[in-house]
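In what comes next, chain A is part of two complexes: it sits with chain B in the first one and with chain C in the second one.
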Partner chain A sequence: MTSGLRSAFNFGLLGGVVAWHACLVGMVESFSERRLIGETVELSYVWLVGIVLLIGYLKARNVQAPGIAVFHSIVSGATIGAALTLLALLTSVFNLRDIFPFASPRLVELLTLERGIADALGLLFPILGGAVLGAAAGGLALAPPIWRRTITVALLVTVLIGLLRDIFAAIVPRDVVSLIFTSRGLLPMGALVVFVVSGALTWLIGTFGLPGISTDASSASRSVATPWKYAYLGFGVLFLLTFPLWGKLFLSNVANFIGLYIIMALGLSLVIGFAGMLDLGFVAFFAIGAYTMAILTSPKIGTFTLTFWQALPFSMLFAFLSGVVLGLPVLRMRGDYLAIATLGFGEIIRILALSNFLKPYMGGAQGITSVARPEIAGFVISKPEPFYYIVLIGCVVAWFVAARLKHSRLGRAWMAIREDEDVAQAMGINRVETKLLAFAIGAILGGMSGAFFAGLVGSVVPKSFELLVSINVLAVIIVGGMGSLPGVLVGALVLVGLPELLREFAEYRMLVYGAVLVVMMLFRPEGLWPEAVRKRELHKDETSAPQRVTTSVTASTTPSVKD
Partner chain B sequence: MLTLKDIHTFYDKIEALKGVSLTVNEGEIVTLIGTNGAGKTTTLKTISGVHKPRQGEIIFEGRRIDQLPAHEVTKLGIAQSPEGRKIFGRMSVRENLEMGAFGRNDKDQIRKDFTRVLDLFPRLNERLNQPGGTLSGGEQQMLAIGRALMSRPRVLLLDEPSMGLAPVLVDHIFAIIKEINQQGTTVLLVEQNALMALAVANRGYVIQTGVVVMEDTAKNLRENEMVQKTYLGID
Partner chain C sequence: MRRLGLRIDFSQLIVWIIGLLLLALVVIGTISTLQTGKYSAQQWRDFVVFGIAQGSIYALIALGYTMVYGVLGLINFAHGEVFMSGAFTGFFLANALAENGMIDSNPILSLIAVILLSAAVSTGVALALERIAYRRLRRAPRLVALITAIGASFFLQYTFRGLYGSGVKVYPTVEILQGSVFGIQKTMIVVFIGAISMLILLYLFIQNTKMGKAIRAVSEDVETAALMGVDVNRTISATFAVGGVMAGVAGVLYAIIFKQVNFFMGFIPGIKAFTAAVLGGIGNIPGAAMGGLVLGIFESVGPSLFLEGLGIPAAYQLKDVIAFLMLVLILIFRPTGILGERLATKRV
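Let's look at the complex of A and B:
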């Protein structure tokens, strides 16, 4: 076997392991009744098809010659298929159900296209299917970028719309619904329409660009013509302002959670993205904001009975103070040590809230109920739809603060501290003050988000403030793009919005989440919407080629030394 | 102008400086030469306030500065171009220079100093919007010195400006150091390249394992037998 073929085979084995995993944890069997398109395309297959396509695509990108590339992705795809055939055989011959409850006869039926292992065609089906899909993936990898993007986007959009059928059905008019959707997924015709329309749109945008936006390929910078700028801006504002009207209860709820995460992530972005301090306990400030709101307003505690708006400044104030309190002792720590210390702080707050000792003041495990709802002009805002506007205003304020700070003197000082603390001091930057301010201002935003959360939900319990929240906020920043503000929006939409929409996969949420993060870090470490500088840094080898030419030209006239 | 009196600096329990005393007079170029680990960089870091001495005094223009935090020392007029250059790799050349003037508020004067630095280092002018990290070693050194000058220092501390540079560039850098000095900035230069350092300096100190062992004019040091043997490689 040549080394190229062996590599194709290895890619296939890797895919096979992933596919086995998906089968054995039940991602295939559990969704066998979940129809996406018509009566035939089930969600169960989508995972497996996705794995084969991804592996085949990666393999083909790895090879130079086009013919060999396709051949290799076919081999990879068939290998994955063979792994699945093997799984079907093993599952029927041995009883694996004691260990893997999902290694069931139903799985075998699914893998062999309902034919069972006695039928040769049934056994061959995964291998053939894998080979065909591998060929498709190889073709996709070789296609011109515009077609590749068109087809990928169209496929993803179709699957997504099929998945989110219920949500779309609630939004669009009933006549349209019956045209496109079945009671569970898309009609075959509807799927075709969605595929073609989304594909055509992607192709048009990819070929001609959005109207009014000229993309300068050489500098990768975009300029937007002024009238169009206002048009886009106007559309965006209109979209945001009318959202609860057509988004209804469910989407408003999702949007509120996205918004709360955006406020938190903007705060944490100041600490991590701007000042470079890895804070793993950011949930502490969220918790402090929420508990301050609850303690100050809830009649259940009874010491104070302020209104929501009266308590909000206190929430932010206490978060600020706790930011300073946390900041002081950990100022001297860097990197990993800081991360561990902040991690501890985050847990301390939660455990304090949970403790019996503080139960009279913080409610213990049951938490605090009857938190005051915000009231505007006599109207009590307790439903998610109107609350959306409060969260929206919070996001705008947080965004404004973060954006202004980024380009301020303080923002520069943070950046210098992030790059090199000692040198920053030598530039005349007060290290203590600068780092404390990052912590404290970040904490204010965290506290604000927490206060909104308490007012939105109406109660606070320690369980809402687990470590996972810190990790989620951190992931939002990293996936969006470290230090990038638009990245925070994208990250929150993807990491908070999608999981909320795809509630039916709650069981597999962390699995998918982990896989997405790993893949992200491998293929797009700079994030979805990175800062220009960071993108340049992480993709040095791709961009430095033309630079090298210029330096070699100058080297002949002036001495330039690389260290 | 700048005086160190019996300075002892520790890294935990290790005594890196065992009673260093030296003086830099206004307008001079003074060099501190010595081998690896002699305490050259520690001396500069102690002056700039990054490390606090455990004992001894540092007096700058009649004022004790040994217990001041680093950013205060900078504001008094002592700037440092650190060892290994340590420019802000992700900031552009322009931003690096602007960072140098962080502690100042006199915008007009800052603009003048900006022009002055670019006159000294025309190479930087060509690369103003390039990220610092993409510069060559020599350019980074120029940027580090330029950044230090942006704080309009009365004393400039230079830590190994010749490190890792090609001989042509070393000559160039030292010529500029001389020019900076002639424009009125006092320079304390730490170097392993004793030959070059003693060629531009007025006076020199030789430091060995945390102790100053010799102090003289640069000319006399160049002719001193021990210095020739140990630091100039002349037998």
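Let's look at the complex of A and C:
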């Protein structure tokens, strides 16, 4: 019992550390002006509430007996609250602002519900709030799965819609917007409606299943009845084809960036996911594609003035060649050395593009402007809305290439190499040639994405090709699931789409990416939408523990870079 | 060719040709630079001195990479951020000391205080990193651990950016460190002496203490060490702690030379220090020290010596290219480093 309580306290401390972190890096204060529901529910609180709910939930799942579980969640929640009270006290007693800019009076106001530390109620507020939320999370953890899912989804959808208010306002007629939104967030009534509707939908789907899809729990072999399959497919195609018409400028722009990342991520997926080589310099190929496009088409450089379509094959060709040239030397290295060497290559390309040395050819720090826009039948495509279709076609092509390669002879050779290079070689697979092909085909897709990027933006600057791009693409693949193609879509939507939509988070994007990479690797290395095979492998040894949240990783089953 | 009994691996051939071409370029560049006589002997000496000072900082950081690699077989990608966290935090103490005049009235004591704080913060970060991110993944595939390390690196960078702000902070100048002795800047001398004494301390620690012996034992063979009664968890933590101390000291030394710190400062020195570790042979402690010095000197002398001779304008912009190119070339041609690896099992 006491050890149980201690564990609840430890969970609370962990949550407290996370909450302190969130407060001190400014994730709470920066969002305090952002209203989510009505005039009272602010985004800053939602963040802290989320931490408490998550910790309380995890704690309750960790305990077997129901009554004790809720009690423990309350203890954990109150501990987090106490940590926040302590932070408020420290912040207002000592002047920490010189060192921590976000340990400000505003933070104290937020934490004490605008009452200040002189008011006992203000000081108690985080603790009480934490306890109540802990109880709620504990209750949620004990609820039957269908209700748990319903409430979780409904909560998430409500928060998301509240966050995306501006985007809905842009694409939905004004009368409808004013029904559920205020000028800054959701109306209280609107929030309720959204909550109830999304909850009801989730409950219905969870209980009866989508029409035509059997609710067989083993999602790997989901069978879809044929007419419904066509209906869903048709709906999906219609959605994608009409997107710019109702998505307008802003959403088309976001979709284009998601698309470019999908193309890149599919390319990198061949290298990391299929062949198991960690390439941290993938941005090099993106840069080579973009610069080739710019150099060949821009009149500013002036040596060549091809059109977009004439230059596109060259972009891909140069990316391919550079893939071969960069690939040849590094392919013999062991896995982790390969990662660092490719990272070095990526940086070399960027520094060269930035240097005065190559300025006459690559534009130096100012980059190259007036890159040619694609032109179809005399119609110049320079706006994001029509460009969307080009990116869409690019995605489809990239998807087709990756999906067809995956189960081809070459794809199976890649996976054999990923699992065990020596055995693969013994089976007659040419190691160098196979790895080189993965590298080079991945590079083609990267180059294509880069060429589109240059055509879309109309200029290239070295700043667009920093290491962060490589890390973003890597995160997309990891979050989606290594080697999983649908995972790439999920990863790109979550990691590229959401931050573009939620511009307030831009500041914290890399912070969240880093945390996501670590947490994913620790708890769910197979990704959000894993390959069926890999999921089975990873969960082989947990036959009867569906209650556990964590996943054990065994050394033999995750894709690995062999020594 | 095959008829002649020669088996030439085509890709290997291309790699060697590229290597020879680069070597030829370096030689041509060097000769033509020396012929023009653009730089005086005094200038060359300054380049070398700066290279040694910079290289000794790389050496200190490289120790963290090399020791952790020896023990865990993991590239601790976030080690650059361990270095950054100490230097960044040390700034606030240095600034406070400068404001109340301590730094001028009692410079050595304040320097030691800043170094102690910086080393403490770096050590804390390194230990937390090991405990939270890496401990669970010891048996996981290398790719998983490496991705975790990359994630941790970005998380730390942007955490510090959030905590302390994204601006560049300028370390206060210390009066007695201004000027030069025998034509060599005092700061360079201080940095070099600081780094060398840390290296000697580390060497004594590794060779003569019980924990040092345990670290050596674990890098040799984890299982056997555990059977012999070595507490593996504690030893690995100690390895990270030692790496953290070195990185923390390196952070302050870096601030003495370059005067400014920001949240992104750990990234490039981190990769260069890794290069230094590979250069000397990863897992090899004297190798890391030597690799750091060699890299530092190459980077400082290289742009003027090799590149300007080739007629490249603003060659100093390309000094990072030299470092990264060296990294790639070593990994290709001599992945075991100059002094050879000290790893129990060869991992090629």
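Following the convention adopted for this analysis, the second predicted complex is superposed on the first by the 536 of 563 C-alpha atoms of A that agree within 3 Å, B and C clash if a C-alpha of one lies under 4 Å from a C-alpha of the other, contacts with A are read in each partner's own complex, and residues count from 1 in each chain.
Assume a contact is a pair of C-beta atoms (placed from the backbone, for glycine too) under 8 Å apart; a residue touches a chain by one contact, two chains touch by 3 or more.
What you are looking at is a predicted structure, and each value in this text was computed from that prediction instead of being measured.
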Next on the checklist: Is A:380 touching anything from chain B or chain C once the two structures are fitted on A? First, second, both or neither.
Outcome noted: neither
Checklist entry - So, does A:416 touch the first partner chain B, the second partner chain C, both, or neither? => result first
Next on the checklist: By the touch definition at the top of the document, which applies to A:515: first (chain B), second (chain C), both, or neither?
Outcome noted: second
Next on the checklist: Quick one: is A:27 in contact with chain B, with chain C, with both, or with neither? Answer first, second, both or neither.
Outcome noted: second
Checklist entry - On chain A, which partner's contacts cover more residues, chain B's or chain C's? => result C
Checklist entry - Which of the two partners, first being chain B and second being chain C, lies in contact with A:431: first, second, both, or neither? => result first
Next on the checklist: Under the stated touch criterion, which partner chain does A:357 make contact with: chain B (first), chain C (second), both, or neither?
Outcome noted: second
Item to check | Partner chain(s) touched by A:189 [first = chain B, second = chain C, both, neither] | outcome: neither
Checklist entry - What is the contact status of A:237 with respect to chain B (first) and chain C (second): first, second, both, or neither? => result neither
Checklist outcome for this item: The intersection of the chain A residues contacting chain B with those contacting chain C is 432, 558-561, 563
Checklist entry - If you look only at chain C, which of its residues touch chain A in the complex? => result 9, 11, 14-15, 18, 74-75, 92, 132-133, 136-137, 139-148, 150-159, 161-165, 267, 271, 274, 278, 312-315, 317-318, 320-321, 324-325, 327-328, 331-332, 335, 347-348
Item to check | Touch list for chain A against partner chain C, complex | outcome: 21, 24-27, 98-102, 276, 278, 280, 328-337, 339-341, 343-345, 347-348, 351-352, 354-357, 432, 436, 467, 471, 474-475, 478, 507-508, 510-511, 513-518, 520-522, 525, 553-555, 558-561, 563
Item to check | In the complex, chain B residues that touch chain A | outcome: 48-50, 69-71, 74-75, 79-80, 82, 86, 88-91, 95, 98-100, 102-104, 123, 131, 133-134, 136-140, 147, 151, 164-166, 168-169
Checklist entry - In the complex of these two chains, what residues of chain A are touching chain B? => result 409, 412-413, 415-416, 419-420, 422-432, 533-534, 536-537, 547, 551, 558-563
